[in-house]
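The following pair of complexes shares a single chain, chain A, combined with chain B in the former and chain C in the latter.
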Partner chain A sequence: MPVKIACFLLLAFLGVQPSLLTQESSRVTLFPKPSEDLILAVGDVQAAPGSAGTELASALETFNRVLWDDLSFAGFFTIAGRGFYPPGPIVRPETDIDYEAWNAIPFKVSFLTVGTVSLSRNVLRAEVSVYDMKQRKRAFGKAYTGDPGQIRTMAHYWADEIVYQLTAGTSRGIASSRIAYVSRNGNAKEIHTMDYDGYNSRAFTHGGSLNLFPHWAPDNSKLAFVSYRPKPEITIYSYLDGSRLPFPMFHTFASSPAISPDGSEVIFALRTPRGDPDLFISRLDGSNRRNITNNPAIDSSPTWSPSGRQIAYISGMPGQVHICDSDGSNVRRIVKEGGDADGVAWSPDGKWLAFQWKPRLSPNYEIFVVDSAGGAIRQLTSGGGSNEYPTWAPDGRHLAFQSNRTGSWQIYTMLLEGTEPRRITHSGNNTSPSWSGYFRRD
Partner chain B sequence: MKRSPVLFASTALLLLAVMISAPGCAKKVSPPPPAAEREEAVRETPAAPAPTITVTASPSAIEKGQSTTLSWRSTNATGVNITGGIGTVEESGSRTVSPGSSTTYTARATGPGGDAVAEARVTVSAPVAVTPPPSAAVSDAAFFEASIRDCFFDLDEYSINEDARRALIANARALAERPSLRVTIEGHCDERGSERYNLALGDRRANSARDFLISQGIDSSRIDTISYGEERPFCEEQNEECWQLNRRAHFVMR
Partner chain C sequence: MKRNLLLCLLAASIAACPLAEAGTKEELVRLQSDVLALQNQIREFDKGYTEKLDSLRSLVIQLNDQAARSGLVLDRISAAMENTEAGTREADRNLLEEVRRLSEKVDEVGTRISAMAQQLGELKVQSASLGPATSPGLSPEVLYNQAFGDFVQGNFDLAIEGFSAYVSTYPAGEKAPDALLNIGDSHIGQNRLPQAVAAFTRVINDYAESAKVPSALYKRARVELAMQEKENATADLRHIVEKFPQSPEAGLAQAELDRLTASKPAAPARRKAR
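And then the complex of A and B:
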């Protein structure tokens, strides 16, 4: 079976531990597997004719590594193992691609990505193309220019373009998306953002107080979070210019903001005069505030359905996953297993709720999904430690979460099936990931 | 975790306690030897005058670890000896001593005219961590430190259990006694719940404690609350003892 060979070699060349191979057989299948008809070969980009030097060599190496990681993590196609590629660099594809040699390898490659990079007067230029190996012609291509510091971004853009084209728009590609999270700095916690692979981390807040539970507006234009000023208040910032939007301060207890899919409203938990937090929805300026849940239990951690018509949230002690309509009606409990749940997150396609769950006295949570219409819960993580606060990538195929499996809290990403877990933060204490929407524009 | 205001307050309190419990230089003058003894001595050696001795300890009451000064003065003596590990000394002088427990120092003057004996008692107390009776002289910080206690919660609970009730009743009495005192109650949780849930639970705990104080007649304007959830643990080990310490309503002075 050519596909199996390709898969095996992919894993072998990535240096993946054998344990992952055995995990394959027990993986939960929630999505169609990567297309077995669509096999992608990822050829190395080469120095453009007349361009050379150590800085260019380093850029080429980075581009090739990042592109490979992006495409193999994308989860949409089978990546052909490098060991089968016919030898010889492909600089001028029209003459350098030896279709006969590609035809002779034991499986049929559908598409091949190739390209060149030049560096001139501190300007990097990447010209990249995908070739249709059946039609034996160029399928599509792009050119990117930037300064040498943007080489990773170029590779991410190209990976996203390939995903977008080869999935016929099913996904716009997550390689250029970002993840907001909380990073501890002594007694303070600050909001940071980073690329989806953990690179290019930047502090977003510098207040020196506690900033918690960031949440992206679905169009990435804003970040909502909880900030101690000096009590926990709902805080919304423009991600575009870094300005704070006016929003009322309650001077009591407010938590867990989430901006609606259409970007016009925010849901959050707020202490009521009765003393317990209920869920409220208001416009982004705080006006038109209305009570959504109204019961004496702790209600927290709301998440919008992609349509904006429903809310999933956590209620009770210990926490249970509930759903209601966005006017507060039609409340029902979704997860029947008891135990303790939090961090519920609605998938972009509306089909799944991801959440963290544990038996009541167990110290560790695991990440689960349940059909948003109810049903059995399915466990995704098993990597040790406590695994918490899942957040969906905009393609609905990946999740990020926090885990203390290595002893400190760090952010991880994985495919929805629980496979290919990647640790993307490496030092300090990092929690509460929120995955942005797509950054790539059509 | 910032605890320096608390440390400062307890140090101030300690100093205050020492000042209150330490009297001025109360000189203890030993009584003269009994008359019969003196008469007998006079009879036996009429030619030599009888010795005299006085001994004092200043201060006469100390805390364990502190020192005091023994001073003595003798007349007509050829030798002076003091008990309590001091031994033979000059006719008049002083020594710094630091007894570990209450001690009576006996000074004996010996001379041709006979012996004379005097005593000085040094009272040693355990270091005082105790509270002086509240009074206008005690600062709010010292009063707060001495009178206000944190209360603790059961797992996943914000209701006031029996122990918490006792602590809060005592806090309510103290707040009633000191109307100038204003407090913030911080709600804290152990790390086992989730962060978002714990932030809400900490808020409920702080407010349970606040509501209880209000039910005891304390004006609500004097009590503020804030939740820290599991963000500011008092103890970072993973065992029940530690978790219990972290499930608390922590009182701080405003």
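And then the complex of A and C:
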């Protein structure tokens, strides 16, 4: 994004339309940018009058950095570079915003976010607002309070509020969403969760065994994963109170659970007496279990369509992307290019299937998408190690995946077009990301 | 790969030198395909525009509701103000806070309307720049994919509308049996089981040679089971096992038959007229 901003500013100086830059720099236009002309300025939040101190200064620095990163990565706006902002802090917006000076910069800012933070008795209070620079008035605002350890969360909430308001509810913002993943710790693999930008990581399991394939319930109330006890078994935990929910053990090989969009069922792969894994759907307590791919092929990595009426999955060896209806009938192969595919994930808007794919003779997997109704596949990642197991952000505009491009397995995020990759884990080995649903509710 | 492609192109161009006419034809074909691609893009945009307008419309309705609710709260406040005796300071403070919150809410609503208006304006401008070329009928592929998009998102009524339009416009279309299967599934999603059976029956009767017949039979059998029509369901399941033993549905049908047999001995399967 910084590169894009710099180019935008350069072109703005030269009088070139910013949309030209977007068209030329994007390899594949998978989604239109609805607010291409919506230019957002992110003014630094200031200390509230009468507040000062080192702790407050640190909080301000964090808030401003997190807010900038969140809004830059949101994918909805063009962010105006700070170098062009009129000088002077904005503490009292009614008097401090010099609209004439803002009008004089080389591009028209649509909205400006400003605010103040105070610290009193170890309680932070952020009062933030967005100003409509065309109407020259306050558009909306919020106040957040918390302890100093929550300053990042406050910035995330405010970023989500801005996205929500300025996109007219198209997105609720992903800044307060979380990503579950597998972190290797010696011989053990534990499930962790972290903020979408990689901060605030917490271990969810502590068993010292192997825990794999985490998957969020769409309402974030549960986490399903595979836990070795000692055979790999489906395990479902409440994310709210950390309790384990009852689910039968099959004493065979179970993998890749995924909870249905309405939260009532779970699909998973289970080895049959025949020896090959099939896909089974059951209620969340394991009852009413039925085999929906009753055939000798290896079936794995199921993912639900948003309606819950279809399942995309990997079948065969090498793996191929298939779709069937949730009753198991009407099977069709979606990707016909051959090679080996895995890790298929259905986008929240239903339009795309993301998956990893390795052409014959290629050493590495790359991330691709294909229209769920069928069609040509489109490559999102290229070069640098193997890129695997894509997972969608709830806004359907971002993806997370695992990659070993730097030598160890780490989690990355990117925009749907494959642009703006960000490495969000930095130590150890981290794999199998699963992006949560929205945490902010309407 | 790229080098091979370049070599091929070079060879093709050398071979094409004496055949200037062929080159012109190629140009024409390329131009035609460009025009077709442009038409497709325009249709895609039209689709997106319509969806956007729909969502904006629903947002406006929501906002109106919100405004109406705010109006009610204001009424309550004014009633409270009338009933309050000359007012304690505490009550005044509460009222002021309430009014401040309401005022913020109104501001937020205003901003969202403003953001929507801006988006709507942009869409209108883009739409106008496309001119009248956006109106021609949708190609079978676009029509099907549009309905499929509604289907996977769970917009079942819209999906039924779209798939029905596909089947009636392109009854011999490649995806007509798929469209009917999806119509049936959409009816199941709305708990309209008899309509679902009717859609699956159309696949079985009208597209008897289609590879989708085993799917239609299996789906119909499951709906029949849900409707307590076990004999019909058993007949459909046996039909799959006997006539389409290589289909993916054969294994599912056999498992279903085994379950039915285990729960209750099945009578000889003969389809009952409905």
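Just so it is clear, the second predicted complex is superposed on the first by the 413 of 442 C-alpha atoms of A that agree within 3 Å, B and C clash if a C-alpha of one lies under 4 Å from a C-alpha of the other, contacts with A are read in each partner's own complex, and residues count from 1 in each chain.
Note that in this section a contact is a pair of C-beta atoms (placed from the backbone, for glycine too) under 8 Å apart; a residue touches a chain by one contact, two chains touch by 3 or more.
Given the structure is predicted, the values throughout are model-derived calculations rather than measurements.
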Partner with the higher number of touched chain A residues, chain C or chain B: C
Give one of first, second, both or neither to describe whether A:Asp69 is in contact with chain B, with chain C, with both, or with none. neither
Determine, under the contact definition given at the top, whether A:Glu417 touches first (chain B), second (chain C), both, or neither. neither
Of the partners chain B and chain C, which touch A:Ser432 in the superposed model: first, second, both, neither? first
Let me test your reading of the model: by the given contact rule, A:Arg271 touches which partner, first (chain B), second (chain C), both or neither? first
Under the stated touch criterion, which partner chain does A:Asn187 make contact with: chain B (first), chain C (second), both, or neither? first
Contacts for A:Asp325 in the overlay, against chain B (first) and chain C (second): which applies, first, second, both or neither? second
Quick one: classify A:Ile292 as touching chain B (first), chain C (second), both or neither. second
Residues of chain A defined as touching chain B within the complex: 187, 189, 210, 212-213, 226, 230-232, 253, 255-256, 269, 271, 275-277, 298, 300-301, 314, 317-319, 340, 342-343, 356, 363, 365, 388-389, 431-432
The chain B residues in contact with chain A across the complex are 1-2, 156-157, 192-197, 199-201, 203-204, 207-208, 211, 226-228, 231-232, 238
Mind pulling up the chain C residues that touch chain A in the complex? 48, 52, 55-56, 59, 104, 107-108, 110-112, 114-116, 118-119, 122, 144-145, 148-149, 151-154, 156, 178, 181, 185, 188-189, 212, 214-215, 218-219, 222, 248-249, 251-252, 254-255
The chain A residues in contact with chain C across the complex are 32, 34-35, 37-38, 110, 130, 132, 135, 138-141, 165-170, 261, 290-295, 305-310, 324-325, 327-331, 346, 349-351, 371-373
